[in-house]
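One chain, chain A, links the two complexes that follow: it is found with chain B in the first and with chain C in the second.
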Partner chain A sequence: MTQMRNRVDPQTRSWSRRAWLRLAGLGSLTGGVALASQGSAAGQLDVVSASALDHLGNAMGPVGRVSTEFFDPTRFLRTWNFSDLPAEERARFYRETPKSDGTTLREYQIFAVDREIEIAPGVFFPAWTYNGQVPGPTIRATVGDHMRITFVNQGSHPHTLHFHGWHPPGMDGSLPAHQVMPGESFLYEFDAEPFGLHLYHCHANPLKRHIHKGLYGAFIVDPPSDVSRPPADELVMVLNGFDTNFDADNEVYAANTVASFYMQEPIRVQVGQLVRMYVVNLTEFDLINSLHLHGMFFDVFRTGTSLTSSESTDTIMLCQGERAILETTFRYPGDFMFHGHQSEFAELGWMGLFRAEGNRDT
Partner chain B sequence: MSAMHYRQQAGRTPRWGGAGGAAAGVLLAAVAVVGLSILLPLTVSTRAAVREIRLVTRDMAFYLEGGTVPNPTIRLHAGEEVRFILRNLDPGIAHNLAIEGWELETAYLDADASATLRVHVPEQPGRQTYLCVPHREMMHGVIEVVAGD
Partner chain C sequence: MTPSHEHGRDGGAGRVGRPRGATLWALAALPLVLLGGLLGVLFWTGPLDAVRGEAYPPVEELVFQRVELGPEGIVATVLNDGPDPVTIAQVQVDEAYWSFTAEPGTTLAHLARTTLTIPYPWVEGDAHALRLVTSTGVTFDHEIAVAVETPTPDARFFGVFTLIGLYVGVIPVAIGLLWLPLVSRTGRTGLDFLLALTIGLLLFLFIEAGHDGLEAAALAPSSFQGVALFVFGALAAFVGLEMVGGWLRARRRDTGASEERGWILAQMVATGIGLHNFGEGLAIGAAFALGEATLGTVLIVGFMLHNTTEGLAIVAPLAREPVRVRRLLRLGVLGGAPTIVGAWVGGFVYSPIWSVLFLALGAGAIAQVVVQLTRQVVGEESVAAYMTTPSVAGGLFTGVAVMYMTGLIVG
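Then we have the complex of A and B:
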């Protein structure tokens, strides 16, 4: 939210938003017709009439689907340390070596590369990415582990890796002198601490551009094994937005990049099983973001640095870089909506469903 | 061709009879001879066919098509003709293939696009680097030129 934004006449603004939505809707509808997957072309086109679009209340998100060929938001939820890759390919990007003191040496190959990514059906964004994906790969360690992260900049601009957590100043990736130029590399080394939910992002200038272009990811540091958190179905959610027309305001919002993805592909969870969400807000341009879960409450562990919950609620607010671990257990089978409780964000893509399966937990 | 078609041909009065027909026949034979004389050296050549090396790019590495080794070492024979066929399997990232020591380079490819690089391998054994120009720090491998067969 900028001063510029405040000067814009609200009426004009809402119309431009609507016009944009219509454009995006048309794009995805055209794609649907080209695929001729279902319904007649005439039937699809009927939906496009202006009066129908204004009342597409039941669609709850875009028409059409985003390709999940190289980034699948469902898979991203439960992936860390490249755990989704076959062993041979994983070894290109991640290696772990037990050390004599019981900790683990974790070595990563992280690279920056420019990539055009699909953030809503038919809507492509010229992103800057870590390892070709937005959010970047989730990095996960146990407190005290030694991290050795080789960063190669294969992008077109200077970039860095800036981790939240304890580390020496030379490992901060924030000052101009820390910038890694295109074609160059840097080795980041530090011990993972404190335990909690952290993040990493590019800290090259201009910072807001480097972050909003997609250079960020989650960094989970688990507590020591003798006090570890109880077993749970663990899910990583990075709240983000995309400024598709570079006016320093977001047009698309999401949890894990793809607008409304989890409306179409609900997150499947089990009734009665503990669910743990690692939620990090990396939305640029907007002062805050939030998460609201329907029909139930969750326990909040802000920054994940305590094993004791600080509150029980159904809505949390996070500024950029703020994060929280949320724990809950689904009591009823069925679909439960979750979304940013800025309704505008929700309608522009930051909305999804949990689908709880199993019998009612009594 | 159906049986019906054959019957129609058989029942048709020959239209290429007489002197005109003979002239056309000679002309056809001449064309056939000329054509064969051009094509035969190619088809019965004793030289080996141009070898194809199919590469794909995915996850910021080169792979031989169907292979699992990133940026594999490629062995070529001195003096042979090879054709590199590159296909880009990284959607949203443009890649290419270059062998800078031989001043060869394909265009930058969008996802699923292909390009061909025809190489006449020099006679002297040695090593070259193949790479993707914009991603050369991660996407590079070795070409070994060994003495010909």
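Then we have the complex of A and C:
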């Protein structure tokens, strides 16, 4: 498969042997005349070619725009429990019923479906999705709520829903016996706990493929209402990557699927308002991912299981499946970059901007 | 001429009752018309989609034809070598998505070409990795081994490539020609040795041309069928030179000139070597222009040694003939100067397919020259008997060994 999908231009190898070495001789011969890289050999850069490119400025990043018709990363940021859908349509996927003990019964319709998604402008990935989107819909409850999630597998392979959090073994969606065959369905039922930031993903085998094909999402469990987190502008960011040529290495990295989307469409926030980021790392193949925010610091609540911040930093490292709640308040209006601090990830799409608006005093 | 032609036609057509010209044409065209009709039906109704199946992804194949570096960044010419259209969606340089423009566009039909201009601040002397990501996520890679600004075709670089050609082709060959006085003073055994040595040299060059040509064939887009092109190019050169040789001999017989035999052979050897050197010049100019040349003084020495033997090969047939200096110059130009032209062409408009073609012509020409030389020296003897005389066997071995040893230095 690797051979098929990733072609190394044979010309690269061509002159490597005899002809190449032969030329090596010519280099010395003509070096005095004009061509050979005498300058760099002496430790000097060729300023001619470098300065000529200066006016091009920041030419990095993908070319063009993705279609946001089926998936809009901006809308995804502030959507949970299908809150972006009109009431009638939303009722098809999500219902909440208050219970006598003060908790809520939350019922979801989640389905797996194969779908080609646009992960960078013009680059289409044959994804496996929950409800047609990658990441899957963000599921959010308050600790103690009863969850009833009907999972319908409309995909071409067996899939499951595997939630992180407390639940009985039969609800784990991980063993071969838990696999939901194409065309079949399963009801996952458990109480949402502990409070914190969790995730869900498919645990069918082969695991790596089922995850990197797109079957994952964020699962937020809020603390009880009497100790709830302060009001904030809340944003969900699922860090992910896509291996488009199936060589076990990602060609595209992003927060919320689309390469460099927030570079083109900055996330708009208000100066002086608390911003809370729910950051989940679901990048496959790479051991870790990270988030670095420019010009500011943030408070970290690892896994969100405590209401006390464990550290204040501007760069956080997350391993696969690890997550953290980050809180900060923008002091200054303007654009603030954020990105994975693995430069490779950043340059392959995991880079974006916050655009802080309003006045420092307001 | 005409009667025999008529006779041939009658003989062939007699069995089917002498159809007239128009009928013959119609008979020739009928299967072609049917084939055209069938193709039309296939394109129109698309039954081949059933053969292929809808679920299969398109077969994507992109080939980098030329990658240049300049003040505007990286300029890559890419060809679609696959059967299906390919859309280049994004470009990565050194694992970073980078902006680019495509002329004429990003969607390429079979064998269509586009030129991508990527404003990337490449670093002189560094290596860079270019990767194209198609709309289906398939990637195609090209490595720039050593980044050097690509020369633009101006007077200065014509000068540089001329110099390359002089060093690689003309000077070594010219130096080799200076063995002529030695050659003309040797006795029968010595001459046998030298001619056998020449045959050994040429055999080595032939193998080398075959290897380089087939290597270049592997680089060329597969649609161009590089191996077939090489083999039949070589055959064409062989047959072509045989015809020229026959014509020259016939003319010599007509004019009664007898001392020209060696001269003709020398010219043919020079032509073969010249074609070979043209192919070499192409590869050299291209690699140099594409920034794949680095420093290394030892290597140029080996290279000159290696090619000097070509001059010896050219003058060996002239041993028993008086030679004018002008003729010697002509031979030198014939054998060496094509390197300069090759370097020019390779430096400015290179694609591997030209290398294949010219290395093929060179290989064919050299093979023909080997046959000619062998004919000359063997005379009435059997080839086997001739080969086993000590001077000849020694010459053959020495020729191959010299090429091999000097080749070792070159790499």
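A few points about this structure:
Simple rule for what comes next: the second predicted complex is superposed on the first by the 302 of 362 C-alpha atoms of A that agree within 3 Å, B and C clash if a C-alpha of one lies under 4 Å from a C-alpha of the other, contacts with A are read in each partner's own complex, and residues count from 1 in each chain.
What we mean here is this: a residue touches a chain if its C-beta (ideal position, glycine included) is under 8 Å from a C-beta of that chain, and two chains touch if they have at least 3 such contacts.
Note that this is a predicted model, so its numbers are computed, not measured.
In the overlay built on the shared chain, the residue A:D335 is in contact with neither chain B nor chain C. Contact with neither chain B nor chain C is seen for A:E311 once the two complexes are overlaid on the shared chain. Of the two partner chains placed by the overlay, only chain C lies in contact with A:M60; chain B stays clear of it. Legend: residue contacts after superposition of the two complexes on their common chain; A:E251 is shown touching chain C, with no touch to chain B. Partner contacting the larger number of chain A residues, of chain B and chain C: C.
In the superposition on chain A, A:E357 contacts neither chain B nor chain C. Legend: residue contacts after superposition of the two complexes on their common chain; A:I117 is shown touching chain B, with no touch to chain C. In the superposition on chain A, A:E347 contacts chain C only, with no contact to chain B.
Where the contact sets of chain A with chain B and with chain C meet, they give residues 124.
Residues of chain A touching chain C in their complex: 5-12, 14-31, 33-37, 39-41, 45-46, 48-50, 52-53, 56, 59-63, 120-125, 242, 244-245, 251, 259-260, 344, 347-349. Taken in their complex, chain A has these residues touching chain B: 67, 69-70, 88-89, 92, 111, 113-117, 124, 132, 152, 154, 156, 183, 185.
The residues of chain B lying in touch with chain A in their complex are 59-61, 68, 70, 90-93, 134-138. Within the complex formed with chain A, the residues of chain C that make contact are 61-64, 69-73, 87, 89-92, 95-100, 106, 119-125, 133-143, 145-146, 148-149, 151, 156-157, 159-160, 163-164, 167-168, 212, 215-216, 218-219, 283-284, 287-288, 292-303, 352, 407, 410-411.
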